[in-house]
Structure formats: structure tokens, C-alpha cells
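In what follows, structures are represented as C-alpha cells.
Paired with chain B in one complex and with chain C in the other, chain A is shared by the two complexes that follow.
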Partner chain A sequence: MTDHVTLTIDERTVTVPKGTGLVETAQAAGIEIPVFCYEPRLGPPVGACRMCLVEIEGMPKLQAGCTLTAQEGMVVRTARTSPLASEGQNSTLEFILVNHPLDCPVCDKGGECPLQDLTFRYGPGNTRMTFDKRTQEKPIPLSPTIALDRERCILCYRCTRFSESVSEDNDLVPLNRGANTVIGTFEDQPYRSRFSGNVVELCPVGALTSTQYRFEARPWDIQESPSVCGLCPVGCNISATTREGKVKRIQSRNHPQIDEGWLCDKGRFTYGHLTAADRIKTPLLKGEAGFEPLEWDDALDQAETLLRAGGDTVVTAFSGTESTEQAYALGRLLRAGLGANGAVLPEEIPTALDAYRAPLSSIRDATTIVILTRDLVADRAPIVDLWVKAARRNGATILTEIPEEKLEDAVLISDNAAHAAWLAQDIDAKSAFYLPRTPNGRGVADAWSAAGDGEASNEEPRVVIVSGDDAAADPAVRALAAGADFVIGIGLFQESFEGLADLVLPATSYLERDGTTVNLEGRVQRQRRAVIAPCPDELAWISKLAERFEVEVSPHASLAFEEISGRIYGGVSFAEIGEQAPLPPAAEKGAPVPAPKPVQVPVADGLRVIRYRPLFSGPVVDRVPEVEFQKADHEVGMNPADARERGVIDGDMVTVNSRGNFHRFKARIVRDLPAGTVRLSTYAEGDLTEFVAVRK
Partner chain B sequence: MGVALFEKIQEIRAIYPEGTQSALLPALRLAQEEYGWLSPDALREVADALDVTPAVCKSVASFYDQFHLEPVGEHLVEVCTNVSCALYGAQQVLEAFQDELGCRAGETSDDGKVTLSTIECLGGCGWGTIVAVDHHYRTGVKPEDAAAIVKELS
Partner chain C sequence: MAQVVPNTLKGFGVTLKQVFKKPLTQQYPEYKHPVYPRFRGRHRLHVHANGLEKCVGCSLCAAACPSDCIRVVAAENTPENRVSAGERYARIYEINLSRCIFCGYCELACPFDAITLGNDFEISEYNRDDLIYDKEMLLKEPVKKVPVADRSLYDTPIPYYRSHS
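Take a look at the complex of A and B:
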């Protein structure tokens, strides 16, 4: 076995693949080498904390175990069998604790703190420190979502390495030198990154804490619910921490093929939407003076009357935030009960792409990646951006247009489904990822087709159902609704339906329901109810309503899923999906897809405006004040060359001149932006034409 | 803003391999020569010219005593306080300068003339205490020499 090595750790013999780190090797032998700074997901080890000291036969001094790999014949002794290593670790901890405030009773990390745990196991039982400890201003806001307590920092550099080598924002850095080193940002600006919250989870002490979770709970009075984020099509695996029936924080639940243990800040910090002031808790009926609450029985009567009036002309507009089961239940009610086959689906995904299916983690191993997206990948599917960055660090070539020469084994990432399906075949891609616009648009489309068949009516819709707050915000849906006699809304927030709907039925959030979603890889994943919604579950009332139309709809997500699965997911059960859902195999390559018509890019004087939907936008984000600072609506993205030509550097205020209308924006240099274009959020204020002039 | 500085930094940048941060130190030096100190705006300029973040520039600049993140006076007095000079009595020399200038290490005298700072080993361990006055070494400096040196500079 030349690709394996055999060594001894604490007198146990262990064989591992060549190149395995000593920490993992020990783990394989059932032995702990304690660590603080070591975290393989952050790149090569740095050996900063010295917690991992071990004795190695033939080496004169104790070694930092985390920096070594297993070698043939190595004889390693950890603190379990080596008094020297034990003494070394004890001293390391004593040293780390010299200026550590030991304010565990008021520290959020207390009870789940590696420093506490390792001090108990390996550290000194008391202190020789009789001097005053160094104190610092505490806590300081690193951002509205993260508090920094410099006294507690043990300078393991996990957070700054994350900023440098994972999210690559390079905005969280060590400042000063030696014992005076502190963690910080440029000029104390808020640490603003789509992924900033990960540093809270990485910090092995209570130096970086979540402002939302601060003083809210203790590790021994919380529950964890394994679920899946429902805010974008990545579908990161999450653990929702709850206490007394309330969500208190969202943490990662590492799915190595999807998220590798990272979350974006939208997924991590916006659970506050559950308790938004305008959350809809009861059915609402439009009255003289706005919405009025309605009893459930009356609401179902109303809904029945409206649906009967609409008959087969009813059109349902989905948001893509529904669970697959909810969309299926609605589909059964409308398609089987009314023959109403008209729907506005958020997403149509060509099945041809299923032949190019691969786990997201495979992007990291790509040699060539072709990215054809209008929105930045990071805005549409944040974690995919991290995989692309990992690939780039591994030496992959990233292309943003199709080159002349033939591509080998390219990975395609696109936000245009039809084009992607054709291109994947044309370049014979190794794998292809379409980035949908909505979290579960794919599952919703699947569910709708599984719920029945038949053509939509040609008549104008007399009734439109607007499902979800995102659909309610969509101008196309609003235009459709404006032409209908009645509009039924289903949603979370009252404001979304003001002036739009005649009857509104309350919806549940993804954190409040059981069901499944389909992510951008085509992976069916399970969401679990972390907290009880302030209203009945959709499936419960849809089932009751369906009864009135003599359609049987199960009020239980598991049974609804069984039906759907039997029709389109090959009969897998809820239980089989499990807590870490597997990826279905890639489909056989099918018939050639026709080439889509090329899009003409208009040319004119000035910089062409590309409008995009920023990650931090939408009804959920709008209800969480802590993430307001992440919004990019007051920023204009510029290509480096265009900026240079105008003497603009990142962070400068610039004037955007749109046919004589002047607007001020903060300039952001975006390297991936094509020259001659500027990026502006769809939500940016101001009357902006397609071409603008920009000056400092 | 400094177009010239941008160009000069590009020249330095071209010397080093693409994708490394090797040009950062010389670029920071250039900026400091240009402005006297590394103001937040100077750091932003360097960042822009090198395609890194201002935070990275600040991180590196704050590591080295030789970079000034505060405005400095016309003259610079740097007292080595590392082990060898400490044994010669560097602490007393530093205190003498503090008394003479009326400011502490890391600060500038009220008249804006002289900035006083401590510094790591300057390599003159045999002739401590070493004091660098506008980058020129004075060897064997004693506390009682401080007054004369300050007078020279005013």
C-alpha cells in the first residue's frame, strides 16, 4: 500500500492515506489533538495558537501537530501519553489566558466554547496571573450584525483567513503587530460581506458574536432543528436554534456537497422576518378602510365563492418560495377541482440540463468555468460564488464569454435556462448549473405538473391567486392581477398585498413548515418545522378548501410528498431524503436543444446600465433592520478601467447623469463587470435610462 | 488625486509576479514619500493601484513601525527600545525626549516640528542607545543628550 502510511499515535497503530493531516490521523485512531486555529476549510494550516503540540520521536522539540502530515513509521505522542506534550499544552493555555477576561458567565460562547472546553481538559486549574489584565473597549460593533470583543480574542486568525481565503473580501484583517495585534476593518467601517456571519461560527472563543443572538439564550436551554434554508436556490443546510418556541439564530449544518459549512448573511441573519410587525396571522378581507380580519370559516367561504366565480379561468401566480407540497396542494385544488390550469411559474427548467447534473462541490475541481450571468453569481446563488472562488484558487480558468477555441471539460454556470441547455450541449460541458431566480421555482414547477394536466383557459382570468410575497411584488403579476375581477393573496406580510388583493390568506415561512424544496442542482431536500407558525399551515386549509371541490388533498406534507414523489421523483420517501439529501444521478443525454436567438446588445454613448437584483433585497430582507447596511441600492458598480478613466476609486461618491437627471451613488469597483457597463440595483432610486454618464 | 503615484506603483507592480502582494511594501513607501504619512485616502489610493482592499494596506502598514498612520512632524526622532538598547538605558533616553518635546512616543510636539517614536532594533546593538534622527543614527545616546538634539531640530 504505497498510497497509505502506517504510524503510531499514543501506542495505537493507524493506517491512513498519504497526505492526511496529523489531526485527522489521530482522529482516525480515536485520539484528540486539540486545536484552535486549525481549520482545513480555511486553507493551509498557520500554526498560530500552539494548542496542538505533540511529541514526535526523533524531533527535539514539541511540534505543532496541525502543520504536519502523517509519515510512514512516525511515532507520535499526544498529551495522553506524553508528559512533555501535556505540559506544553498546559502552558499554551496558561499563556492564552494571560489576558483573557474569563467573563464566561456573561459571554455568549459560554457552554459551547472550545477555549472553555480545552481549558477544562488540558489547561491549568488556576492562574498565576496577579497583574491587572489588559482591557479593551468592549464590545465594539464590527457591523450591525456582529459584535467584536477584543479582550476575548486569542488571535487564531480564523476570521481573517476566512475573509482572505474563502470569501476573498479581504475586509477583515489583523492590525498592528505582536501582542498589540487586533482584528478590525479599514477605518472601523462595518465589516460588510455577503458571508460575514461565518466568522461568528468560526471564532473559537466569544470574540465574535452575533448581535441578534447576544444574551438571548444559553447552550443548555436551546433546541436545534435540522432544516434547509429557503431564501435562494442553493438550499444550504441549516440548523435553526430555538428557545421557547422562537428562532434565535441560524447556523450552518455542513452539507459537504452543497455548502461546505458556509452560509450567506441573508440565510443567517434574516429570521427576524418571522416576527415582522405586518406579519399576517389571520385571513384578511378588503373592506372600506383597508384589510379587516376574518374568521377562518368565513374566509374559506369567501375563497370558495371567489374560486367558483373564477372557475377554470383562475390563474395562479407562484413565487417559488412555496414548498413543493404547498404548490402541489394548490395545484390539485385548482387543476382537479376547477379545471383551472393557468399558472405563472417562476421558473421553467429544461430537462436537457439534467444530463449535466453534478454536485456543487464539483465546481471546486473544475479546470475551466464559463460564467454567463447577468446578476453576479454571488447575488443570485451566494454559495456558488464560494465554490467558484475555491476553483480559482486551485488554478481554474474563469471565462465570462465563450472563446473561439474548443473548451475541454468546462463547467457552465448560467442564469439563462434555455441558453444554458443549448450551450451545455454545444460546448460538451462537463457539468452545467442553471441558477434559478427563486429558491424553489423548480420544485413548484415540478409540483404543478404533477398536480394535473390540461391546457389553461384562453379567457381573461376572472380571479388571480397571488401566492407569496415575491409574486405580489412582481410587476408582471401585478399587471395580470389588475385585469382580474378578484385577487386572492397568500402571503407573510400585509403590506405586500395592500391595494392588490381582495382576500388574503396567511402563509408560513420556510422555518415554520414541513416539506421539501428542490435546489439548483436538482436535489430534493427536506425542510423541517423549527417553530410553530402564528397561523394554520397552508396544507391544512388548502385541504379543507379542496374538500368543498371534492378533491382529496392531504394536510400532511409527508403524504403529499409521497404522491408527488410517486409521480415525478421515482418514489423516494421523506425518510430516504434524510438529513443530508443525496443528489439524484445525472440523466442520459437527450435530443439536441435548438439554439436560442442571439440577444442584441444595444450600443450608444455612455455606460450601459445593467440592473440587477441584489442578494439583500426582497420582502424578507426588508423586514430585518440589522441587515439594512448590506443593501447595495445606493451603489453603482463600475469596471476598473472605466473607473480609472474617470479618476474614480472604490468608495468615491460619483454623479450618475441620466439624460440630465443627476443622481449620487457610491462607486464600487467590480472586477467581473464588462467594460462599458455599470451595475445598479433594481431598487436604486432615481430616473435612470439605459445609458448614463458617470463622473466624480 | 495622484496620477503620478498610480503610474509609479504600476512600474513597481510590473517587477513582481502577477497575483502576489510583493509590490505592497514598496508601494506603501512611495505613497508615504509622496504624502509624508499614510492617510486613509493614501491607503485607498495604494489599494486602488494594486487591486487590493484598503484594509489589506492598513493591515500591512500598521505592522511596520516605519509606516506612519498619523501625520508626522518635520523631523522624526526614533528611539530603539529593544533588548540591547534597553540595557544601555533606552527607557531613560526615551523619557528624556518625552520631557524635552512635551509629547509621548507616537506623538508629535505641539509646534508640529518633531515626531517621537520607539522603534525595533536598528542593528547598532554594540553602540546603544541608538536614536535615529531623520533616519540618521546617533550612537551611544544618553538621556542628557536629548536637549541638544531637540535644540538642533528647532
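Take a look at the complex of A and C:
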């Protein structure tokens, strides 16, 4: 047992693996060492709050337990058995509360506050401080989504450590020194980071709170629904807090292999789209003056007529935001009922990559990571970026092109499925991750193939079904729809379908439905209904519609999943997926994949424009005013070297021009951008061509 | 059998004796017996002397309530709309009195003595919905008041909220 150590805590003997922290060791012995600042996910402990004071035999003074690891033969006494430690801890708590306002009744953390809990269980129980407490201006808006209350801050530095060594944005910092330290941002700029919302969950007091959840509910007023985020292909595990039938906040539900308890701000703060003003609640039919609401029976009649007119030429364009079951139900209706096999799928399925499947957490332990993406990883799959950063902190080499020499045990991250499949074999990668564009593109493609087979008709589509608001925004889908006689839309927001669809049927959001989604690892996860949708579930009306075409489609997600699972997921059931879905094992390595044709990178004067989809874009984000400030549509991303050459610093206004088109953008320095390129959002002005000049 | 007649007469005797006594029955509602000073009846929400509501919408009363009949929805005070002294106030405050068991736990839980139980018990209605008291009703004096026994006759401490407002 050389890799284990045995020690005594409060007269209990406990054996733990070498290197275990003292807090965890005590826990293993059934003893609590209370902590505020200790959070192993934030890197090495800092010992800021001193709540964890313990007495250790042989050491002259009390020690911060969180900074120590278990050692052979150690004799530790916590406040339970050591009067010295207990006195130290009481004094610590007294000090923490000296300037703490104790405004629990108006504090959002009240009822779920570690400071409340620990003050209740430890500490002297009453106060000797009779003087006035220090007051500060409050609340200070750190950003439109986060409010800061400096009076309540206990300076545990969890938030700044997150900003420094997890999201690495370094935006949130301690200002001033000693007793005057306060948390803030440089020059009171808004705290703008893709991951800023995590500090709200990390803060052990009510100093950092969400403005959206501000005064909305108390812990005893709410219900939590364990679900999975449906806004990007990572599929973070979330817990949706609801009160009186409305979503009030999204919190993380730590899945150690996927998200390690972090969420991006898109997943956390955009649930407001559920109550958007133009949310579709009833079927809509295009009339003389725009859309008119329609009774459900008439809508199904209409849909039936249109589908019969379309026959086997109907083409379905998916968004990749549907649940696997919804795509399957539509697939059954169209493929089995009409023989309409044409579909525009959002994603190619990289089945060859299944042999390189690994949990996302394995990225952290990689030694070499090859990243070949046009978009920044953080824009496509934000949490993957955090894993890459963790790997870099651990000393991993990050490559953005394939080197000449042979790579050992490389992890490949790519946004080109065909190329990645070939490259993974070529460099014999340890694992490979394909970053899809859409949250459940893979599940949709799986479902579509499970729903039937047969070739798509060669005729021009007479009817096009546009499923989802993202598909409705896709220029290629709009062009296809323009050629069809009729267009049926299925979506959340009316505006997406203005001037596009003849009949629109309401859809449910990922927070309003039961179903499964497949993330970029190939993990099948369950989404649960957190709130009742303002319209019937898709499966309900698709199953009614399918009846008219003599196809049996179950209106229940569990039964639909059973059918799909039997065909392609090896028969796993809802129950087996559970609340923390397991990763299916990697597939056998298949036949060699042919090398894709090399892509010619054109060369010309000026900087090459890379158009990318920023994380904060799309129909859902557009409907949440609080995250407006995160949008990058009026920004141009530049490589640091290119910027220096032109005398541009972060935040400058610059002119970008090509072929006589001039536009003003705010410059953002992006470290990971290759030299000689600039990044523009796909939503930024479109008349700029491939190469541009940038001037201050 | 032989005992039947004398026993019956004995019974009637008891009845007959009562006829000449002063009756104890009180004719409610014509006569209202004063309740004890600490009798727990219909709730009141209180305001500070400056007119601001004492309630800050913290929901602690709702958490304490064993019959789960209080609903509080809070909102933020703004300079234009200042309702209470703190950062937040109760935008909605409702007590469903048809479910209330008048235990007084809400009063105990309230950190601001904003909600207290008064003495009034005459709150019956023809319709259950009318028993859901909203904030406006709770802030007002009760419509019907019942007499309360003289405080000095009983060992009744003066409530904190009366001595401090």
C-alpha cells in the first residue's frame, strides 16, 4: 500500500490514496471541514478564507486544511475535538461577518447560501460587533447579466480565480489591497466573457448574482428539472429551475466527463426565448395580410392537403435543434407515409470517427492537441475550449496545423468531418472530436436514417418542410424553399417564417419537451420537460397527422426512442441513459478512409476574411435582450501581430474595406487567430469580399 | 323496572332546577364575547410610520407556513416606485385564509414584523375565492372588528412591533 497513506483525523483512522486533499480525506472519515474558498476545479488552493483551520500535531500554528494533502502518520484535529481550532474558526467567522450586511431577507442567495449554513453550524452564534458596518454602493452591474454586491463579498477569490485560470479571460480582478480589496473589472468595463455566468454559481455568498434571477424566487419556491442544454453540440448537463410554471434560471448539473460543472452564457442566460413576443402558439396560415391563426383540426387538414400535393417530392430541411424523436416522427410520417425521402440534413455523420471516441474530459490529459477549425472552438462548442485551456495549463502542446514530424497520442479537434476521419487515421490519433454546427445534428441524421430507406425523388420539390428557426434562417434552405410551390414551417418564432412559409406549425423548445439528443462525443442524453409548452407537443400532432397517412407514430417520446434505439443505439432504454448519460464505447477501427482533396487557400493582398458564426447569434439569442452586449456582429477579430502592424489596439474603431465597400468595426484582438486573417460574423455586412484591408 | 319512575322524576328534577337559573348562553352575533388579547385571527400587513411597507418580500413566512397558503412574488424597488425600505418588496402577497390554520408561524418567521396575526375571526365568505386575501386587503384595517378583552387583565407582553413603530 505504498500509494496509500494512513492518518488520524479527530481520533478516527482513515486510509486514502496519496495526494488526497485534507478536506476530502476528512470527508472520507465522515468529518466535515467547512470551506468557502476551496474549490478544486479552480486549480491549486489559495487559502484565502481560513474557514478550514485545523490543528495538526507537530505544527506550531493552526493550518488551513484546504491547502494540505494527507500525509502518512499525520494527526489532524478539527474544530470538533480541538479547542484551539474551534476558537480559530470562530474568530474567522466573526471576522468574515464584521462587515457582512446580513441582509439575507433581500439577498438572492438566502436559503442556499454556504455562509448562512456555516454560520448556523459553526461560529459563536452571536456578535460582539456593535459598531456600524461598512457600506458600499450596491448593486453594481458587472454586466447586463451579473450584479455585484461588494458588501456581501467575503473575498474568497473564487470568481477571480475562475476568470484567471479557467476561462482565462482575466476580466474579473481584485482591485485595491488588504481590507479595501473589492472585486471588479478593469475601468468598469462590462464583464464580457462566454463563461461569465459561472461565477454566479461559484460565489459562496450573494455577492455575484444573476440579474435575470434577481428577486424571482426562493429556494423553497422552486422545482429543479434535470435536463440537457440544447443550444450547442456539447450538450452540457443543466438543471432548469422553475417557479409557477416558468423557467427562472439555468444552473449546471456537473457531468464530470462533459462539462465539469461549467456552462456557457448562451446556455445559462437565454431561456428568455421561451416567452418571446413572437413565439408561435397556434398554427398559422398565410393570408392576405400576413399570418392568421388557425384551428388545429383545420391546420392538420391543410397540412394533409399540402403533403398529398407534394407526394414523394417533399423535402424536409432540418435545423439540428429537433430532438431525435421529433426527427424520427417526421421521418416516419414522410418516408413511410409519403415515400418522400428527400431531406436537407444539417450535418454529415462522421461514423468513421466513432473509433476515436473518448469523453471530452480526456482532452485535459492530452499531451498534443491538433485543432483544425475555421471557427474558434469556443464559438462552436464553448466547453470544449475550456478543456483545451485546461490541457494547455497542464503543459499540452496545441497545434493549429499538421506538423511534419510524427505525432504521438495526439487529440484531434476538427470541424470538417471527412478531413478529420482521414487525418485521425493518418496521424493515428488517440482520440478525435468533430465539432458539429448544430446541437443535435447527429441525432437528427441518425433518426432520419432509422425512419426508413429509399432514394430521394429526382423531381423538383413541390413542397418543402422547414423544420426549426435555424433552418429558416439558412440561405440555402430559403433558396430551396423559394423554388417550391408550398412551404410548411415548424418553428418557435413567427418572424423566422415571415415571407417564407405558407403554413406554420408551432414547435417546442428544448426546455419544453421530453426526448433525447446526441452530443459531439456521440453520447445519447435525455432532455426533460421543465415547463409546459404554449402549444401541443410536436409528437402529438405528428402522430395525428401520420394516422391520416396510415403510419403509426407514437406520441410518446419514450416509445419513439425505444423504436430508434432498437434500430441504431443498440437497444438502450431511457432508464439506462439516466441523469448522467454514459458514453458508448469506441467503435472498431474501420477501413482506411480516402484522403480528401486538399483545399486550395487563395492568396492575395490584404487580410483573408474568415466568416464565422459567433456563439451569441441565432434566433434564440436574438430574443434575449440581456445578452445583446455579448454579440460580436459589429466587431472584427484580428491576430495580435496584424493589429500591432497597423497600430490597432483592442477596442479601436477600424475601417474594413474591399472593392470600394467600407465598413466601420470595433477591433478585437483574438490570440488564436492565424496571422494574415480577420474574423467577421456571418451576420456582419455581407458585401465585403474574401480579402480586405484594415485601417485605423 | 321498579326504578324507572323515580329515576325519570329525578331527571326531570334536574331540568326543572335549570329553568330558574340565569342562562349562560351568549347570543352571537348579537353579543360578541371579547377574545383574549393573544387570540390569533386574521392577518395584518404593517407599514412604517413613513408609509413604506415593512414587508420586503423575502418569502420567509411562506417557507414557515405549514399549510403552504402564503404566496409572495417579489420585485425590485426603484427610485420611481419605492414600496419598501429595502432593495426588494412584495409585488404580490397573498394568504389563502381558507387554508390557514392560524398557527402564527408566519408572524414568528418574519424578520421585519411585517405580518402579524390580529384578533379578528369574522372572515367567513360565501365563496372560497374571496378568502384569498391579497396585499391590499391585508394592509387595510379589518372590516369587522371583534372586541378584545382588557390587556391588563392578562399576562400579555406588548408585541415588539407595537412598542417599536
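Note that in this section the second predicted complex is superposed on the first by the 695 of 696 C-alpha atoms of A that agree within 3 Å, B and C clash if a C-alpha of one lies under 4 Å from a C-alpha of the other, contacts with A are read in each partner's own complex, and residues count from 1 in each chain.
Assume contacts are C-beta pairs under 8 Å (C-beta built on N, C-alpha and C of every residue); 3 or more make two chains touch, one makes a residue touch a chain.
What you see is a predicted model, and the numbers here were worked out from it, not measured in a lab.
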| item | value |
| --- | --- |
| Chain B versus chain C as contact partner of A:Pro114, first or second or both or neither | neither |
| Which of chain B and chain C A:Gly311 touches, first, second, both or neither | neither |
| Partner chain in contact with A:Pro174 - chain B first, chain C second, else both or neither | first |
| First, second, both or neither for A:Glu187, with chain B first and chain C second | first |
| If touched residues of chain A are counted for chain B and for chain C, the larger one | B |
| Chain B versus chain C as contact partner of A:Pro105, first or second or both or neither | second |
| First (chain B), second (chain C), both or neither touched by A:Asp221 | second |
| Chain C residues touching chain A - in the complex, by the definition given at the top | 56-60, 62-63, 74-76, 86-88, 111-112 |
| Residue numbers on chain B that touch chain A, as the complex places them | 1, 3, 40, 43-45, 47-48, 51-59, 62-64 |
| Chain C contact footprint on chain A (complex, rising order) | 103-106, 110-111, 138-139, 214-216, 218, 220-221 |
| Chain A residues touching chain B - in the complex, by the definition given at the top | 169-177, 185-187, 640, 647, 649-651, 669, 671 |
